[in-house]
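Multiple structures are listed underneath, in structure tokens.
Each of the two complexes below includes subunit A, the first together with subunit B, the second together with subunit C.
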Partner chain A sequence: MNTPLSEKRRLVQGNEAIAEGALAAGCRFFAGYPITPASEISEVLSSRLPQVGGSFIQMEDEIASMGAIIGASIAGMKAMTATSGPGFSLMQENLGFACITETPCVVVNVMRGGGSTGLPTCPGQGDVMQAKWGTHGDHPIIVLAVSSVADCFEITIQAFNLSEKYRVPVVILSDEVVSHTRETVVFPSPWDMEIVDRTGPSVPPEWYVPYEDNSIGVPDMATLGEGYRYHITGLIHDERGFPTQRPEEIEAFTGRLFRKLAQGLHEIQKIKTFMMNDAEVAVIAYGSVSRAARSAVLEARDRGVRAGMLQLITLFPFPEHLVDNVLKQCSKVVVPEMNMGQIYREVQRVNQGKTRVEKYSRIDGQFITPDEILGKLLPEE
Partner chain B sequence: MTGSESGREVRIPPGIYEMEDERYEIRLSGSGGQGIIMAAIVLAEAAGVYDLKYVCQTQSYGPEARGGTSKAEVIISNTPIDYPKAIRPDLLLTMNQEACDTYFHDLKTGGLLVVDSTLVRQIPPCRVAAIPFTKIAREEINKEMVANMVALGAVGELSPVISLKGLEQALMARVPRGTEDINRRALNAGIEAAKRFDLQDFPMTATVEEEI
Partner chain C sequence: MPQEVTKLIHKYLRRDKKFPHVWCPGCGNGVVLGSLIRAIDRLGLTKDEVVLASGIGCSGRMPVYVDFNTLHTTHGRVLTFATGIKLAKPSMTVITVMGDGDATAIGGNHFIHAARRNLNLTAIIINNQIYGMTGGQFSPTTPYGSKAATAPYGHIEHAFSIAELAVTAGAAFVGRGTVFHVQLLDRLIEAAVMKRGFSVVEVVSNCHIQFGRRNEMGNPVTMMEWMRDHAVTVGRAGEMSPEELDGKFTIGILIDEEKPVYTEEYDRIRERAGGSDPAGDL
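Let's look at the complex of A and B:
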């Protein structure tokens, strides 16, 4: 535990890898409230953060947890919280505040089964749309999905990098299977990792305009307490950070929030492809289910079916063009999910009748098996 | 006790399991508090960290802290593992009757069932090694708590993919300081108990296949 980044082969749990990934990315503040199946992230960070000079706080609930990491981020820290569905619901109000105040932060949601308190120890993928639309109003947000222990480490680093670069909250969607799976991994050395930090102001405090537009649409972020005085509010604000009712300022503000992500789509939208070169049928999957899909694709190939897989890492902004390519290439696309078809509907939206898209939903708290996906890939009798 | 007492002529499998790139699936099951998940972690660490194989360890359990069903799985392979859960276990350990009743149908044809015969009274007719893990822990080690480690020793001995050296190293690295001796004794007691079984003597399956 003391040498997390050594070149050593270790048996690591998904949640532990998320915690180590956060530390590697430079996270030095965590506030959270324990919940199955995300508790191990808190557990690991409660002992690891003090070792590296960071702070860990167990808060009274998830509302406060989200508030605490926003405050820490404004004060200059890279900050994270972790929860599961019920806690994620409580975080939505402050998550919206982070979106509108453009406060970088990372929120991990380890999805369990069902609505409400649901199935605490079972996997699910029912929070996909909540991650995008859980907080009200038009707002930009990035949602990434992890599928393996190695992913948990790497994608957590990417989540921090994107969050810092674009000043936007990033939600990492894990699920019970990914988070509780242990695999052997060798964490990359710190020299092999690209770490991005937010851009601070390049002007003295008296010239600083906190929400001034620039070439990338991401204003320089001053650390509160270092002499840069500015106003932060969840109300729609002008360049100086004060509430505004002027239509031209409101439109410019909201437009910029979306423009900054739209222009960075090439680096925000991440996917993996598997055997897609000559694929005639494809699976579009994400999270733990993509592992079952990979097995199914291999089995289908053994049986002479040209199958492939598109694994979505970025769920939102939804990688429309990349999905569109698959839809144009294949005569059939299967979307297996542990929900009633949340990404399936996104795929259908892009499809517009081009090809046959089928969903495969499993909502009984059990993990989807390769055979179930295979059955959808094989030609019908 | 061994499966050979059926007395039927059976095909003896050449090598029941050949480790090429094939996956070997182990499922450990029992009730919460028996140390099922702990045993699986040690098993995965032995294979993954000490024997340098690809491993994937998963678990599923109820919301109760103790007494609910507990299941942990370890997949061992020479190639990267896609699907992380067991589909048809090659080896199934059941530490109580309920787990045995629930999971023995999942066992692969020719797969091996290992039961704690202290707690499993009704043992299904298949390739089975019945060892009283809890009794051994209670009477030989004087600590019922280490029944999981006795079982772990037996699983290590009976599965062709785990090296006993790696298993002991992994166990010593995981257990709390001061308990090394008792855990090592438990592991060895399990290994010794399992040595009495000759897998080659086991029938391939309890089902009589007749070609017509």
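Let's look at the complex of A and C:
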């Protein structure tokens, strides 16, 4: 553990792969607070970041961790924190600040089971809606889900890329199963990875308008201390960054925050399909559950059922059109989740009665097995 | 003198964009901002190397008026943002400004840990003993027995002493001044900004609107007279008996120690880890 990626093929844990993915993406700042089942990310980065000239800091709580990564990002570093449910709740206030100030950052939530202190060593998927709506007020955010150790590496890189490109916080939802699983991962060479950095100003400081709209709705981001002095505030602000109460400026501001993601949906919304070409019944799954779903689809095929799977990587902005295609194609769609049906409700919202959508919830801290999903895919007797 | 003040205003304020300000006439916040600007000017810092960051409240509005790199963060959290900035850009001079509720109620945990950690940051805490912006509710520094919007029958909690709290938490430099003793305040802020390590300046200030009016000090002059009559220099306090000091507070430098600075310690961590130079390419 904790050694540089000198070889491309390694047996690593999910949390370790998230840490390595962050480093590969250019993350040079991590602030965190100990919490199960996310602590290994802190541990790995406390060892790795100083090796690459970065900074690791353990803060006094998750509120502080979130504040610190925003500060580091404003000062020009790619920054990340990692936590689990209770800590994610504490981060919501400053996560909103990052959304409204358009500060790139990546927040990993390794989901545990249950609410409150819940089930710290068990998997769950109960924080899906919190990831989208946890911080107050209308705000744009991107939420990605990982399902394997390889995902942990690749999707963490994608999370940084999206965050930098769109100047938006990206939440990575892992869960206890993914994060604590060890798998052999073939790491790509650095030159095979696409790494995106935020766009800096192309004009001299006296011409710089920090929140000026442009064709992609993403203003150029100046780094603190490089001559582009401007004001950053969580108050709704005008294009110069100063607080405003003018209705036309408020609406333009909030409108742009949503438009910038709407214009980028083609690259923000990521999915994987499995055996969907001729599928008549489908599973829509994400995170570790999609692995059980994959086995269930194969087993169903063995038994003559044309099953397939849509695996959601991007949970928000919810990939409505991609889900809609599956709903139009299949006579039945099953949504298995380790919660009471959070993505199921999103699927229902898109479905509008087109086909039969069934949820399968497990809320007992146990992983959903392939057999359980298979039972929902096979014709009823 | 007025001409000199005007010159500094023209040099440092965002005068064309952000005025008039939101503070009440006679508010101590302007005195603190004046001291801060004079300190920065005397230290010869460029606007580009200064970060002025705040939390929420009347004090939180200070950064928007000045032409530095400015940041108006969340309530009580400014030191966490400043921590990230300082670690990412150790060469920048990072100054935070907070109120008493901001720093010691909602931000109390961040405050003591920032002091303990000893990053090279400055915390200016404007202590007006009340939540001013939200309408005069009691804060952690509201004196026992006084009236507040949420203590209409008299306050039954006991106040924090911010400067002493900072000393105990491990700050490398702690000073206390008032908005009445302006020359002292200038010197304290200058020394704090210059200090290598976590430096704190508590500034006893007046909120005659929300605190004073409820406590028989309804104008700034009465409140400044109160500061004049109750402040004792650290030197003189050493010669006074506990009875004589009762109800008084000390002003001056409470502590000034040399301690290892976090970022320099972390540079050594990088060396131990076999890492590259922080400024190096990665």
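As a working rule, the second predicted complex is superposed on the first by the 373 of 381 C-alpha atoms of A that agree within 3 Å, B and C clash if a C-alpha of one lies under 4 Å from a C-alpha of the other, contacts with A are read in each partner's own complex, and residues count from 1 in each chain.
The rule we apply is simple: a residue touches a chain if its C-beta (ideal position, glycine included) is under 8 Å from a C-beta of that chain, and two chains touch if they have at least 3 such contacts.
Quantities reported herein were computed from a predicted structural model and do not represent experimental measurements.
Student: So in the superposed three-chain picture, is A:242 touching just subunit B, just subunit C, both, or none of them (first/second/both/neither)?
Tutor: second
Student: Contacts for A:199 in the overlay, against subunit B (first) and subunit C (second): which applies, first, second, both or neither?
Tutor: After superposing on A, A:199 lies clear of both subunit B and subunit C.
Student: Taking the superposition on A as described, I'd like to know which of subunit B and subunit C A:254 touches: first, second, both or neither.
Tutor: In the superposition, A:254 touches no partner, neither subunit B nor subunit C.
Student: A:183 in the overlay: touching subunit B, subunit C, both, or neither? Say first, second, both or neither.
Tutor: first
Student: Which partner chains sit in contact with A:355 here, subunit B, subunit C, both or neither? Use first/second/both/neither.
Tutor: neither
Student: Tell me which partner A:9 touches in the superposition: subunit B (first), subunit C (second), both or neither.
Tutor: In the superposition, A:9 touches subunit B alone.
Student: After superposition on the shared chain, which partner residues are touched by A:325: those of subunit B (first), subunit C (second), both, or neither?
Tutor: Once the two structures are laid over each other on A, A:325 reaches no partner at all.
Student: Return the residues of subunit A at which the contacts from subunit B and from subunit C coincide.
Tutor: No residue of subunit A touches both subunit B and subunit C.
Student: Quick one: which bits of subunit A touch subunit C in the complex? Just the residue numbers, please.
Tutor: By the definition above, subunit A touches subunit C via 26, 28-29, 31, 47, 50-55, 57, 59-61, 63-77, 79, 93-94, 97, 224-227, 229-235, 240, 242-243.
Student: Quick check on the complex: what are the subunit B residues that touch subunit A?
Tutor: Checking each residue of subunit B against subunit A gives 41, 44-45, 48-49, 52, 54-63, 81-85, 87.
Student: Mind listing the subunit A positions that touch subunit B in their complex?
Tutor: Interface residues on subunit A, with respect to subunit B: 9-11, 36, 120-122, 177, 180-184, 288, 291-292, 294-295, 298, 367, 369-371.
Student: Looking at the complex, which residues from subunit C come into contact with subunit A?
Tutor: Within the complex, subunit C touches subunit A at residues 17-18, 47-49, 51, 63-64, 67-74, 77-89, 91-92, 109-110, 113, 266, 269-270, 272-280, 282.
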